[in-house]
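Letters A, B, C and D mark the chains in the order given here, with residues in each chain numbered from 1 onward.
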Amino acid sequence: IKKIAVLTSGGDSPGMNAAIRAVVRSCTYHQLECLGVYRGYQGLIEGDFVTLNARSVKNIINRGGTFLKSARSKEFLSVEGRKRAFDNLKAEGIDALVTIGGDGTFAGAVVFNEEHNFPIVGLPGTIDNDINGTDFTIGYDTALNTVVEAIDKIRDTAHSHNRLFLVEVMGRDAGDIALNAGIGAGAEEILIPEQNMGKDRLVASLKRSKEAGKSSSIVVVAEGDQIGKNIFGLADYIRENLTEYEVKVTVLGHIQRGGAPSCYDRVLASRLGVGAVDALLKGERDIMVGIVNNKVTSVPFTETSKGENELDKELIRVADITSV
Amino acid sequence: IKKIAVLTSGGDSPGMNAAIRAVVRSCTYHQLECLGVYRGYQGLIEGDFVTLNARSVKNIINRGGTFLKSARSKEFLSVEGRKRAFDNLKAEGIDALVTIGGDGTFAGAVVFNEEHNFPIVGLPGTIDNDINGTDFTIGYDTALNTVVEAIDKIRDTAHSHNRLFLVEVMGRDAGDIALNAGIGAGAEEILIPEQNMGKDRLVASLKRSKEAGKSSSIVVVAEGDQIGKNIFGLADYIRENLTEYEVKVTVLGHIQRGGAPSCYDRVLASRLGVGAVDALLKGERDIMVGIVNNKVTSVPFTETSKGENELDKELIRVADITSV
Amino acid sequence: IKKIAVLTSGGDSPGMNAAIRAVVRSCTYHQLECLGVYRGYQGLIEGDFVTLNARSVKNIINRGGTFLKSARSKEFLSVEGRKRAFDNLKAEGIDALVTIGGDGTFAGAVVFNEEHNFPIVGLPGTIDNDINGTDFTIGYDTALNTVVEAIDKIRDTAHSHNRLFLVEVMGRDAGDIALNAGIGAGAEEILIPEQNMGKDRLVASLKRSKEAGKSSSIVVVAEGDQIGKNIFGLADYIRENLTEYEVKVTVLGHIQRGGAPSCYDRVLASRLGVGAVDALLKGERDIMVGIVNNKVTSVPFTETSKGENELDKELIRVADITSV
Amino acid sequence: IKKIAVLTSGGDSPGMNAAIRAVVRSCTYHQLECLGVYRGYQGLIEGDFVTLNARSVKNIINRGGTFLKSARSKEFLSVEGRKRAFDNLKAEGIDALVTIGGDGTFAGAVVFNEEHNFPIVGLPGTIDNDINGTDFTIGYDTALNTVVEAIDKIRDTAHSHNRLFLVEVMGRDAGDIALNAGIGAGAEEILIPEQNMGKDRLVASLKRSKEAGKSSSIVVVAEGDQIGKNIFGLADYIRENLTEYEVKVTVLGHIQRGGAPSCYDRVLASRLGVGAVDALLKGERDIMVGIVNNKVTSVPFTETSKGENELDKELIRVADITSV
């Protein structure tokens, strides 16, 4: 391997820049050439490349987003699109590819590989922490801090007014963000896709909280939760059934994807970026490099899809106890 | 004057605690007694008081919200409610009142005064900066920073994906937050209640931006703007008429009311809190203490209502030029 | 066990309040009484107790420091002092104690236990991450973020002026903060107690960086590093031997101990606080509850002392590669 | 005027990038060419220029420091150096210059102008707020927030341990940062160059605070204060004369110069950047564009030097009262 390309794909996450930087500098360290690909697989198809050296990635470790940009590519879903991508890789003399993204990104890599037998190593870059084979994804820790800081602000207002706030956070299939940020923000209730609380139990529980002397309440709702999916409807239901509180809704939205990465995400991205090049040099391919029990490890792409998210019973219990 | 009461009323804002602290310590300094009233005028009616001394307000200058809590009081709108409030003030031996809040708070004070002839001084505490007679309200500067920091995060994501983001910020009648935070966040367009841009001009302008080479765009929308009122509808309109961008909406909501106050708001609150007690001791009443040209001044309550907000043409021009 | 006391001891760390909160609410959950002890072992000796219930610990999860205050107690080093502490515990009808602190705190608990045979469970609360038997201590993650954010600011200035900055961070015996924050902040060099780089190798390396095109440099120095101990002397040495840079020194100091805890630290503190009460109820004693491979576990106090800190060779390599 | 150059000089400050951006986009708006000069006057002498257009300055409004870099130039102090700078300006066809910096920067401009009669307009870019003719300098508001946030963290620790902290902040000649940040951080005492408190009065005052029930204390010290100049010596003096406290020192240092600019500084920089080009187009020269009573105004360079800083008696009184 003499020349490596790197790209970011799917939703962006804080720490992607730090991961690119680590891949690039690892190439310099191992005296490999490195190319950046703009806009993920789409840039691969369009041949949108840029030569990167150690200095190209200075002063980006602290920046959210991805300077290589990201995109979702329809063309890459087609045989022709992937063929064009492969031709571009060959034309540029690229020997291997590092893709940073989520499970969609890795699924694309698997198909590409079946057709073109090209060495690819993936890195988990998503705020959702919904990838199998790694304890943490790049960007997840930052997103948790962003959510907790936002709810801290909302709490100021909730507490000043004896209000009930429903706060929607990201997590279509996984409640990891809601559960951890909910505990961290001291939420009274946490609604997650893995567990259907039901509207009535929620209202009953909020009623108990009120009676236990709580003057304000925060309910954290993962966007994919059964009863929280329609958060404005849920607010109406609570208003009707729990008149003691003034009920407000805040949807945190895209602020959760951005921001300067936390130290943890920067270090994780740096370790995995270094690990990706190490893996390629050892001849590994079709794998994602992740972190398990604080050790850099690799797992085949085919095992990165999470399937149904398991309920973390310990965290649920901690949430229940600490919101007494 | 020997005994002063202080309360916060209306929507909370960062710096209210700093203002209370300054009032309380000013009382200590001038050897006056000080009482806190919980939950604004409602607490006045219910006699919900707490004795405050210099130590009661330690370690609160940095906290958002108001530890005296705030509320909107329906009872205070009635003659009977106000009579009860007055009786409580007399029963406690209170000689004067400091109210921290917005123009609704001051309007309440005026009516109360007409009926009961009681010395009241107000402080402008609201993030909206919509009070006449003061250049800045307590909490406004903090809200601007909160908005700008949130949009910085959204920009990471917008820029990584070539997206157009509509970001709704507070401001039902006044575009001050939208205009200043929009300039500060480098927004491409800013929609404010004082000026009706029209959907077509907006789309035309965004089209020009795109052609000028901008790959992503942020549009800041005050909640009271004509075409931005229905922000999700506006997003649909843009999607239909400007297919070059992926359009996303974020409603910042209540995070704008909370958070640790900025240095400016803490100093402003401290100066005005001291000024409120000074004014009472000088025999002033029925006035709001504010800041004009960086000097503490006072203005009759009757002149604090802003009426229609004037368009700040210089800022509009700065916004236009810097988003070229 | 019917009544549990909780205290914080040694240097404070962000997340201690969250840990206390979890212990208190766990007591409520298990229908146990809970007492707080002010100022660590000193308060135990003086009988400085406060009854805590679920509502006593509201709105503290987001606050740095410890509302129970901490202190170093000379009296607790004496047989008489510990006897007095024990008598107070008995007099209050306390059945067990949760101590939150570092290895000095646990060492005190061991001696106390030998003399008075009292059930104690410890939680690791220190920013230094220098406790054996837990992967992370409460406060460490927050300190890393604080350091990285501070260096981000210094980098703005360093980069604008082609300067070399020496930044001293905490870590008398352990380089964990320096190494992780150094990688996270993109430092060019990291000096840690576990490894003696030598002044000459440092200067040679900085010279190479300069020649490789770096226009500014950050060197992160753990306070206990051999050549960095006297950081101002080191700066002079570099000035004499590397005239290409303007050399500046910043000692981050106590800002590293404070601040709102990160989400990770809040969740960790909550899990360990719940775990401490669980452990006591299971009859465990003389142990610290920590986190290993993301599972709550316990380890005897006698095994919490770290001895010499091992060099984390993977991180050293990541630091070397990413600063190429 | 058809072609304008812009440079940053002296110490960097947050908002300089926003100011450059506004100058560049103002040029685009008025259809003028714009050149950036790297490293201040030194780059002028070396002819280190870069063509800037509206897109060159995207995504920099939120970044601390200055992407044009800054430097102090010895050569510019000589007639020959300035001659070379002038020749480079002529060779590039530059008609006017915008310099962003402090009074040293403006003094250089004055001399340059006397010799070469070249249109120059200055903008006040420094965290020190020590320029005459403007109420606020670009970067000052951000520095205040940085200091206050740092002291908030120190307060966590101070309060947890009953400690006295001496915190040194920037301000060699002016106490503006110390005084405002001191009030904002709730400091017990504030030492500034404009007023010599004397060690004995300081100790006496701290003693009174302790007796009044304060358990911890923060003393903010401007680096140029008479008794605070040697802050470690002052700490020793207090230790000897006030044994009730454990005394700690933190020197905030260069973190005060960096960081993402506050909204206020971004808007101020945008307004002044626009104002600088407006002034040049109106034929103004040898002036600094500043802000007075929230209006953009101009003042001759010769009147920007502050001379001795006046004591702000109102703020001193507010500090005294709110630290009761």
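Going forward, a contact is a pair of C-beta atoms (placed from the backbone, for glycine too) under 8 Å apart; a residue touches a chain by one contact, two chains touch by 3 or more.
All of these numbers come straight from a predicted model, not from anything done at the bench.
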Inset, instruction - Quick one: how many steps at least from subunit A to subunit D, stepping chain to touching chain? - result: 2
Legend entry - For subunit A paired with subunit B, centre-to-centre distance based on mean C-alpha positions, whole Å: 35
Legend entry - subunit A-subunit C separation of Cα centroids, rounded to whole Å: 28
Inset, instruction - Averaging only over C-alpha atoms, locate the centres of subunit B and subunit C and give their separation in whole Å. - result: 39
Legend entry - subunit A residues counted as touching two or more neighbouring chains: 152, 155, 159
Inset, instruction - Chain pairs that touch, all of them, please. - result: A-B, A-C, B-D, C-D
Inset, instruction - Over in the complex, which subunit A residues touch subunit B? Could you list them? - result: 8, 12, 14, 16, 63-66, 69-71, 146, 150, 152-157, 159-162, 165, 248-255, 257-259
Inset, instruction - Would you mind writing out the residues of subunit C in touch with subunit A in their complex? - result: 21-22, 25-26, 28-29, 54-55, 58-59, 61-62, 135, 141, 144-145, 147-149, 152, 155, 159, 180-181, 183-186, 212-214, 260, 262-264, 266-267, 270-271, 273-274, 293-294, 296, 314-315, 317-318, 320-324
